Amino acid sequence: MVKRFFMKFYLVLIIAFLYIPIAVLVVLSFNASRSRVVWGGFTLKWYQILLHNSDVVAALQNTLTIGFASAAIATGIGLLAAIGIDAMKKRSYSLTLGIGNIPMLNADIVTGIALMLWFSRFTSLGYVSILLAHVTFNIPYVILSILPKLQQMDMSVYEAARDLGANSVTAFFRVVFPMIFPSVVSGFFMALTMSMDDFVVTYFTKGAGINTLSTMIYGELKRGIKPEMYALSTLIFAVVLVVLLLANFVPEIRQKQLKKAAM
Amino acid sequence: MEQAILNLQHLTKSFDGKKILDDLSIDIGRNEFVTLLGPSGCGKTTTLRIIGGFATPDEGKVIFEGKDITNLSPDKRHINTVFQKYSLFSHMSVGENIAFGLKLKKKSKSYIQDKIRYALKLVDLEGFEDRHPMSLSGGQQQRIAIARAIVNEPEVLLLDEPLGALDLKLRQDMQQELIKIKNELGITFIFVTHDQEEALTMSDRIIVMNQGLIQQVGTPVDIYNEPQNAFVADFIGESNIIDGVMPKDCLVEILGCPFPCVDTGFAPNENVDVVIRPEDMEFLEKGKGMMDGVVTSILFKGVHYEMKVQANGYEWLAHSTIAYHPGTEIGLYVKPENIQIMHKPVSAAQEVIKKNE
Amino acid sequence: MEQAILNLQHLTKSFDGKKILDDLSIDIGRNEFVTLLGPSGCGKTTTLRIIGGFATPDEGKVIFEGKDITNLSPDKRHINTVFQKYSLFSHMSVGENIAFGLKLKKKSKSYIQDKIRYALKLVDLEGFEDRHPMSLSGGQQQRIAIARAIVNEPEVLLLDEPLGALDLKLRQDMQQELIKIKNELGITFIFVTHDQEEALTMSDRIIVMNQGLIQQVGTPVDIYNEPQNAFVADFIGESNIIDGVMPKDCLVEILGCPFPCVDTGFAPNENVDVVIRPEDMEFLEKGKGMMDGVVTSILFKGVHYEMKVQANGYEWLAHSTIAYHPGTEIGLYVKPENIQIMHKPVSAAQEVIKKNE
Amino acid sequence: EEESSVDMSEAGGKNTIVVLNYGEYIDTSVLKQFQKETGIKVLYEEATTPEEMYSKYKASTIPYDLICSSDYMVERLIEEGETEEIDFSQMQYIDNIGDLYWEMSKSYDPELKYSIPYFWGTVGILYNTNMVDEEITSWDSLFNGKYAREIIMQNSIRDAYMCALKYKGYSLNTTNHKELQVAQNMLLEQKPDVEAYFVDEVREEMVAGNAALAVCYSGEAYLANEYDEDLEYVVPEEGSNVWFDSWMMMKKGENHEGALKFLDFLCREDIAMKNFEEIYYPTPNTAVYDQLDEETKEDPLIFPSEATLEKCEVYKALDADTTAYYSQLWKELKTS
Amino acid sequence: MNKRSLLATPYIVWIIGFTVLPILMIVFYALGDGNGGFTLSNILAIFEPVHLKSLLLALWLALLCTVVCLLLAYPLAVILRKLNIGKKGLMAIIVILPMWVNFVLRIMAWQLLLSRNGIINAILGVLGLPGQDLANSNVAIVIGMVYDYLPFMILPVYNAVMELNEDVIEAARDLGAPLSAVLTKIMIPLTMPGIISGITMVFVPSLTTFAIPDILGGGKIMLIGNIIEQEFSTSMNWNLGSGLSIALMIFVLISMMFTVKNDGGKESSVW
């Protein structure tokens, strides 16, 4: 029991570490003062301003569509790649993995400029070029998330599925995929996160007139971040949190209700 | 065997430079029950994996209904397997595990439901549909693995020690059920077991393997009563295997005593291996048998007692339903027809056997 | 049993509201060889897990050398286990697997090397030190699991079907080796098997379980010859179990025929269960036995033939080394001392047994 | 929202112009008003540093029509021939830009052909009167060791060296390695006393009271003072940097006509006033200045006195060798 | 190449198209001297004292950050496995959710927390404890890096730990392994692929980061990432910036290859 208490305590501590800065931002979003170090009283005005700012809404839209699309594409390619790489011999294995990690180990600005030079040469810069760039730096995160799980897995169940008449694709989706699903999810979320967070690569690969939240926020750096951004972060955060809680607890509650009804 | 459904032709397989299967050829008839029998590590599972399509032989072919399927993928073969390690899908319930193959074949819901119920009944696990494989005991998991394979009604079913984790009672029930299924559905069974009695009871034909080589192929009675070499004799049941000399037909000299026997056709004074089953050793009063001996140990085996008898410098194994306690002096007798005479091994292949005795 | 090394007291354990162990109490003596025997899913593994410290009973205690160890962690118990699923460490070589426990005890390098060599020799896998567990056959893995546990020389060794994947030959060798080890090192063995003959051969004492309840505890001979109820009789070997009536001492009426027997102390006309082992069924000429019958089927079992005989409306199971082919009419005879009479079950616990017959 | 999904296919058309500016450096309603009045849509882009602008302009295929950047970058782009001559005769409101500012912008656009000043300002010391009990007048207070761990320096190469160069009486555009080495030694000696090198955070850090003195832009100083009256700003007596952000018309642009209209639009009083009220940096637009109340006009935080300005210099673009030398010195300073 | 590795084809095409070829342009810059000539000096510049110093410091901080992340994440994963709470996907989201708030904002929040008159010191003050001078130091940088990269350690490690087979842990316990030995001898080796992933995802980006040292380190130090950033942005010396990038890349690639090769198995490689 004592041990359990300590375990929970540790868990809370880590979660607190991850969330305290977020709490600071939430508080700032209600700060009437434009300065982040001066408390000017409680206000909701930033939320109002936010909702009427079409630029912010547009940037949010771009951020989300690029985020989800690039994460989805990266997850698809990364998943296939992880399966393929898992089957490789040692040398091609480390080579492929090593080269694949380049976008991750390059300073963002190098990746950004390299891609800008590249895109400028062959296509125009715009929405699509951001998307391609995001997919590029997202893939390694997906692979690094899925590959270890594949390596740890006991492949005998895959054989069993093949034996029962599943072709390799079906066997994969019905048996292997459910087992590696959690890591696919975390790969997807890592990719989504990296995409939403990126500034430098986006900045260099975007076309004129297109903004994501991060290019917008960076633009404001010099003159002070607008409190609307705190409000926006708080909103995003709150929405995701609510969705999350619903997704996790609604099935449970429903099950309980069903059980009750059955009795 | 014109009706062969499966021909294994010259299969050879090595791991890390060690030959695991060595030029293995077998023909298996339609609706036959064939058992692979052999010591641990002799290549039984490897053979099944090649038939199932999970391993490719280094050399040789697998012919199924006249077509070469050596390189066909497992899902395209009309063959199902019950794996030695069960390999149940841990993220599916028992019911979903069993339904897996049927759903792939797009069977109707009600058909699948019926099949699940039928299969669970067969393996004596009614009502386990919604259980999770991880919460089952070893034997229960094994039975689910059988159910999962059988509902697909394959043409050939490979079973890798499918009853290994079951108790005698259940094993016997399952043995009967398996044979019933085989006959009802007309499935060809290729069975791996390490249980000699199981092999003898269930099989139409037994293939005795050792170190990747086939030692003998034959019906259970053939194998048991007429082992072709000392390895088979020894492996297929407990035996007394002794060196002997044949001065002439129908007479063998063992440990200095002449024993009348029924074997002929050996060279005069040929050195031979003599096999006598322990249950064929008969106990008489001292002096009334072919040689006298002293009981040195006794072990209760349920159906009978197993005794060791020291006689003429050899420790004989003998079974009897009557207990003779250590120290008892007795006479040993063997009927001529119960004495098996075999040539000594000469070839390399047979040398292997000798080493394993 | 004053010298008990281990006392299991009133162990109770449920999973998902289902009682798996029900008030189980056993005392196990130092250097004893105790076998848990029972059908699949009866709670054998669960019992071992509680002794090993991997599960805590809902109620009851585990006493080791007089101390309550119910909540002691597994690594602090002088108990080692050979797991049913082997559980070898896939990231270590065979040698490292075996050395694992010894390294933790900070044994010297040369000691460990010796032990590895000794243990591998014991399980007949010399030269396998550097192999990877994943590349071993099922039986080989099982033997490594045994080697890994034994080198630690625990005071109590738990073995969960340790010989399940081995062929008869190897199993018998391993049985002998295990007993030798037990005697040499003075280890107490708690053994789980589903193989009745194995239980009878190896054990000092057998505990027959069913559905979490102990059915009978006794020496092999006791259990085999004097089963306390029909479940034990049926489980411990193939049996004919028939309803009977005792009109008076030493006489039982079965299927309308009077059979002389040796049992006394039953109420007049008490309904009883009668057990007759198939090997005790003797074949005489038609009309010369206690009842006449017709052989309906025959099965070759190696040591003997197994026949089913239809007589007085019951299908008798009988063994004989002589083959009687279906259709043969014969007379059946049973010696009075080979007839076992048992009270009909009355208690709830015994009802369970009845259900399982 | 339509605007977001604008693709480059739209850029370069007759009815669009592509504009690159610093972040938060315009009242965005101005862009909409421009479109309403002229029908020309502004594809507006922001950057944080002049160098970013440079990279993006040089390496991408985006047809920028207008870029607003800082003096030395303007100079560089003019030298590289990237800018288009502006036809001032077509501009109705160009006279709103005061002569003084044209004069000063000669230092980076000598022929006054390619650029129009947008905002300007100085660099000085912002200090907290609660923490500093003397009146700060000289760069000396940054280097005399009195304010150990109370100093925030600018985290940009030229601004950092400027303080030392000016203190020593050298030109801030010096290419003399000896002079630069002297400055380097001063900065090295000062480093232990420095709490931080910041760019964007200076104002907030000072408002929060995390340091006593900071090198700061005048516009930032004004904003800081709004939050905390105790924060005073001074341009040291040794002189300092005066900076200009100016508009250029780019060669790459594809709608010079529209661009010219936009430049003219920015110079219009009402529009310039809107931008001034949004940004509160000193404006070179005299028409705007004249409309301001006296208090604002005299606020030294917004409009430094001419005396102050006389001591100040504008940055000039440096040759490659000097840039490399600066970069080397800076790395040595930071890794020391 | 066997059939299954062909699945990596789209990926390989993608990295060739969007990683290798663009990087070749960087290589092109790295080998140029700015006037159309060829030179290796940009790449060899990594050995100049300033660069080497910043590289070593970056290595040290990245290493520190990686170790701290691992030390925080592994126990967390083990605890989550033990407590067995929630669905697996849920944990992934909880860990990653903070990252949906923009990086700048998060790091700025840390600045507010750590600074001299910041929130942490305010709380310490209320509790009557002496204030800590955390801001603008290497400690602050490491805190920021750990904060930013921790999720990338937690997720793969957590996934790997959840995948562990309880049987094997029990076997080790049975053989007399105390919990510490189970951890070091069984759990860690078996979860090594996840650990390696986590290490890669934390170590590599933290080696090249420049924003965190600028903001939380008070701009007082320059890591190799800052130097490359500076060469590209302020100094406009793309040749040197590219050269240093390539050198850094080679350095990391070699150490990764070595990692994989070193222990002979791709399943269980040790950094």
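The first chain written gets the first letter, and so on, giving A, B, C, D and E; residue counts start at 1 in each chain.
Definition applied: a residue touches a chain if its C-beta (ideal position, glycine included) is under 8 Å from a C-beta of that chain, and two chains touch if they have at least 3 such contacts.
Since this is a predicted model, take the numbers as computed values, not measurements.
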{"item": "Partner chains shared by chain B and chain D (touch criterion as defined above)", "value": "A"}
{"item": "Top chain pair, ranked by how many C-beta pairs fall in contact", "value": "A-E"}
{"item": "Centroid-based (C-alpha) most distant chain relative to chain B", "value": "D"}
{"item": "Chain D and chain E, separation of their C-alpha mean positions in angstrom", "value": "36"}
{"item": "Whole-Å separation of chain centres (CA-atom averages), chain A against chain E", "value": "16"}
{"item": "Distance between the centres, which are taken as Cα means, of chain E and chain B, whole angstrom", "value": "57"}
{"item": "Of all residues in chain E, the ones touching two or more other chains", "value": "117, 190, 232-233, 267"}
{"item": "Residues of chain D whose C-beta touches two or more other chains", "value": "52, 55, 199, 205, 208"}
{"item": "For chain C, residues contacting two or more additional chains", "value": "85"}
{"item": "Full enumeration of touching chain pairs", "value": "A-B, A-D, A-E, B-C, C-E, D-E"}
{"item": "Partner chain E, residues of chain A touching it in the complex", "value": "4, 7-8, 10-11, 14-15, 17-22, 24-25, 36-37, 77-78, 80-81, 83-88, 90, 92-111, 113-115, 117-118, 132-133, 135-136, 139, 141, 143-145, 147-149, 151-153, 181-183, 185-186, 189-190, 193, 196-197, 199, 213-214, 217-218, 221, 225, 229-230, 233, 236-237, 240-241, 244, 247-248"}
{"item": "Touching residues (chain side chain E, partner chain A) in the complex", "value": "1-2, 4-12, 14-15, 18-23, 25-26, 72, 75-76, 79-80, 82-83, 86-90, 92-106, 108-110, 112-113, 117, 119, 147, 150-152, 155-156, 159-160, 162-163, 190-191, 193-194, 196-197, 200-201, 204-205, 207-208, 210, 225, 228-229, 232-233, 238, 241-242, 245, 248-249, 252-253, 256-257, 260-261, 266-267"}
{"item": "Contacting residues of chain D [partner chain A, same complex]", "value": "1, 3-11, 18-20, 22-25, 28, 43-48, 52, 55-56, 59-62, 64, 199-200, 203-205, 207-208, 223, 227-228, 279"}
{"item": "Of all residues in chain B, those that touch chain A in their complex", "value": "52-54, 73-76, 79-81, 83, 85, 87-91, 100-101, 104-105, 148-149, 152"}
{"item": "For the chain D and chain E complex, residues of the former touching the latter", "value": "49, 51-52, 54-55, 155-157, 191, 194-199, 201, 205, 208-210, 320, 323-324, 326-328, 330-332, 334-335"}
